[in-house]
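Two complexes, one shared chain (chain A), two partners (chain B, chain C).
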Partner chain A sequence: MTDHKRVNGAVKRLLVRESRLSIDPDTVPDDEPLDGELLRVNSLGFLGMLVRLEDELDVTLDDDIFAGRVFTTVADVVDAVLDAAKETT
Partner chain B sequence: MTEPPRSWRSVLPHLGYELPADRTPDGTDGPVTVGLPLELVRQSVSSREYWPIPEPVAQLYRAWRPAPLWRARRFEAEVGATVPIYAKYEGGNISGSHKFTTALAQAYYYHRAGFRELVTGTGAGQWGSALAAACAAFGMACTVFMVGRSLRDKPYRGSLMRLYGAELHASPSPLTALGRATDERLDNSLAVAIGEAVEYARGDAKRAFCIGSGETYSILHQSLIGLESIDQLAGLGATVDTVVGCVGAGSNFGGVALPFFAAARAGELDVPAALVAAESSASPKLTRGVYAYDHTDATGSGPMEAMYTIGSRYPIPASHSAGLRFHGAAKLISAMRHHGQISATAVGQREALSAGRAFATTELVLPAPESGHALAAAARIASGREPGHTPRHGVLVCVSGHGLLDLPAYDKLLAGLPEDRPADPEALRAATAALPAVSSIEGF
Partner chain C sequence: MVTDVEHLLAVAGRAREQMPPPGDARYEQYCVALADRLTEAWPTVLTANAADVGRAAATGMGPALLDRLSLGDQHLRALLGLAERTRTALPAVTAPAAGHRAGNGTLVRRVPKPVGVALMIYEARPTVTVEGALLPVATGNVVVLRGGSEIAGTNQALGDAVDKALADAGLPAGAAQIVTDPDRKVVRALLRRHDAVDVLIPRGSPTLIDYCRTSSTIPVIASGGGVNHLYVDRSADLDLAARIALDSKLAEPTACNTLELVLAHAEVAGELVGRLVDAGDGSGEPWLLRVDPRLNASVPAGAAVAELAGTDDGREFLERSVGVRPIAGLDDAVQHIRRFGSGHTEGVVAADQGVVDAFVSRVDAAALVVNGSLRLHDGPTMGLGPELSISTGRLHVRGPVDLSALLTYSWVIDAAGTLRGGSEPA
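Presenting the complex of A and B:
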């Protein structure tokens, strides 16, 4: 099941881990920049994170949703994952 | 054996450790983008062992795979071998080298991900030729930055790339800021060619930089070489206890050798094989380099990987013309070297080209100069001239490609090519001094 709440929670958990923070993921706003004052996510770490997200949500994310797309905020990632999950379920 | 294997085999589940994570260089953060198909990421990090080959790729493989393997009896006699030498030949495809095997897979995945142009850097031109042909096979555009000196030496490599529709630039080129900032005399650097490709690829969202040989997924695709060899040797009733491949970054060596490692760990081989990487003494990363985080290109903007390296800015001597230029070994190959799971030896260009010539005259196949390094190492090992190696059963050597587009290098041999001078210890120290050691960061 890939509802918004579950995807949002999983994405924030992994973004917090990727940024090496020890904060409650639920406190991260949806419009928080991926590479800003709080989160520190780069393109390289992001790729690994997407693969871990697949395991966590038990989905396969299709490449064509992600390739060449620019991600700025947490919400961008959540939306793309929901789009990709829709394609594969 | 009439059909190639249906799956690639990953060595990762058999290593006993995880590969060190890549690092993003300081000050190069930008927008978060996805420039690599997720399937290639999965293949690089997953503990899954077998990866089914997509049918469109498998169909193309059938044009030349399984690649031939034979006992090279006349070569054995020529080099004074005391055990059999088996040759696995990867030159029987349009690119003329093993690199076509991963190029097809990569082009397929990039195309499926929505990219429409692949950009790369190439040294001797084998990777550029392979990617150009693979892009053509999947209807993609291709742009190649080729080491300028190499392109002058091997103009027909350029012809082959153009024949397949690739746009070709001699590096350093005026097309990129890096090329414009690089002294024209530094025209023998693969790191600069790759750096130009990285920069150029950023200009369009449908364009992707494709690094080629050293990535873990490339080595996975090349596992076909070793998987086929294991079956073919079994078919001949032959056993080998040494496997030799040449190392630029490591996909050829990894491709032929690591399936033997996985099979031995899985208890499938009666005799485990020593795995020997043959590198160029002009670029001696595995034998004289340091295990450190280094850039894969000269812009310094790509990820830093844990690798045995002589430094991305180490100047390869202008006299070197036998390939295997890359400054670092793949992180998978480097980690296995660090853990004592493989060994390495360095070969000078005159010895490599002489071994290539000996193979050509005895086995009637002209090997690429790169393959000459592996043949020289195999000859030393099989004749008891390589310290620390005493094979009792046989030696398998991968002939990574043909040398028909590398004849200028053989011309130089015929004209009395001097041996590479050993890399200057002070220059090596200077090129690696500032690199962070892997062990100091990862506890690896």
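Presenting the complex of A and C:
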């Protein structure tokens, strides 16, 4: 099941961990920049994030899920995962 | 999934059986051969790397990350140096211990054995491919290397050089296998094979390390990243503290042993801010001081600083910046480090020996540095020889993962006919 709330929660937990933060993921706004003052996420960290997302959400995400897309905010990642999940279910 | 994991691990298993024991001359030959083959293949490696970097750039990857993917001649020089240092370190690392005479007259000693089959999973940094093919194999292990998909072409070219070096040295083909298949099912399949893989060595982002730690029953040697602190006591020489802070960060801002946050005793925190600004100006290098708002009044006029946010506690900045936060004293420093530190490297600057002793006693990390740069936590710098990574784990190896950490041992009991019997107490 890949409803928005579940994907949103999973993505924020991973982004907080990837940014090496010790904050409640639920406090991260949807429009928070991925590479800003709070979150610091780069694409080299995607392997760990993708395998964890696949396990947590029980979906298969394409290797190129992030290719050709512009990622600026948390919501961009959530949308990409939701789109990919739709295509693979 | 194109890669046949069963076949890959079968090859690794056969290689493991064929590997000579640690200390065999073929391992030193391998170090030399790998250096030669890398030198020979370097133009090809650079061509493949340029293609990888070009593809990464086309996806919008930023310059800092592209720099991490890129190879140049300086990387070859570093790898050749590593191969030579590994070769020269091998005899001492693999020498059998003298042992001791037990009470029953038997001679008890240890002989080194390889850990077995190592699986390294890492992101980017093509030099890790060579490090992974060098140190574990030189100590008699077999290694499976799964690097980032961004550098698959580079890794293929490096893998060709490794294969030739293995053959040159008379070591079994398959002692080092490089997986370039980007399919994550391969990673999952490998992580499930605790029957065929003896140790897992992930290097990369926090989520990758976490995934390896929590998704596999294979023992892990991992660096959890470095959220490292420097406690500056009120007894400290503040000029020294400022120099230590900057040396702990600016030369290698993304390394895992660098400083993130200075925890300064409140009585000297304001003065320390000025010393840090002065020291930074004197370095002539661009950097950023992140200052707790309570210290704003201490920032020299005209100094360019940023605010240290509350959410920055526990953050690894991975940039040329250092934060400074005032605290009440050692107790608060210990509490802060326990809550936010990653158990990697923690430092204290103090003239008061009692404070130093208390810090060393109460803070728990892989390395505790007293009145010195946090970047001293480094295998070669510590006189431990080449290192594969720095471990924040508590078992088997903590700190530099040097050549000795890639070995285990067998106890040898030279009994000369001694029997235990049934009446002797244990």
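Just a few scattered comments:
Following the convention adopted for this analysis, the second predicted complex is superposed on the first by the 85 of 89 C-alpha atoms of A that agree within 3 Å, B and C clash if a C-alpha of one lies under 4 Å from a C-alpha of the other, contacts with A are read in each partner's own complex, and residues count from 1 in each chain.
The rule is short, and it goes like this: a contact is a pair of C-beta atoms (placed from the backbone, for glycine too) under 8 Å apart; a residue touches a chain by one contact, two chains touch by 3 or more.
Computed from a prediction, not measured in an experiment: that's the story for all the values here.
Overlaying the two complexes via chain A brings chain B and chain C into a clash. Touch criterion not met for A:Val59: it reaches neither chain B nor chain C.
Legend: residue contacts after superposition of the two complexes on their common chain; A:Ser19 is shown touching chain C, with no touch to chain B. When the shared chain is aligned, no partner comes close enough to touch A:Ala85: not chain B, not chain C. In the superposition on chain A, A:Leu47 contacts both chain B and chain C. Residue contacts after overlaying the shared chain place A:Leu34 against chain B, while chain C stays out of touching range. Residue contacts after overlaying the shared chain place A:Val11 against neither chain B nor chain C. Judged by the touch definition given at the top, the superposed model places A:Val74 against neither chain B nor chain C. Chain B is struck by only one stretch of chain C after the chain A overlay, and of the options 79-87, 97-105 or 331-339 that stretch is 79-87. In the superposition on chain A, the residues of chain A contacted by chain B and by chain C overlap at 40, 42-45, 47-48, 50-51, 54, 63, 66-68, 70.
Those residues of chain A that touch chain C in the shared complex are 14, 17-23, 37-38, 40, 42-45, 47-52, 54-55, 63, 66-68, 70. For chain B in complex with chain A, the residues that touch the partner chain are 21-22, 24, 29-39, 41-42, 45-46, 109, 112-115, 205-206, 208, 303. Within the complex formed with chain B, the residues of chain A that make contact are 34-35, 40-48, 50-51, 54, 61, 63-64, 66-72.
Those residues of chain C that touch chain A in the shared complex are 59-62, 65, 68, 121, 123-124, 148-150, 182-184, 187-188, 204-211, 215, 225, 227, 309, 311, 313-318, 339-340.
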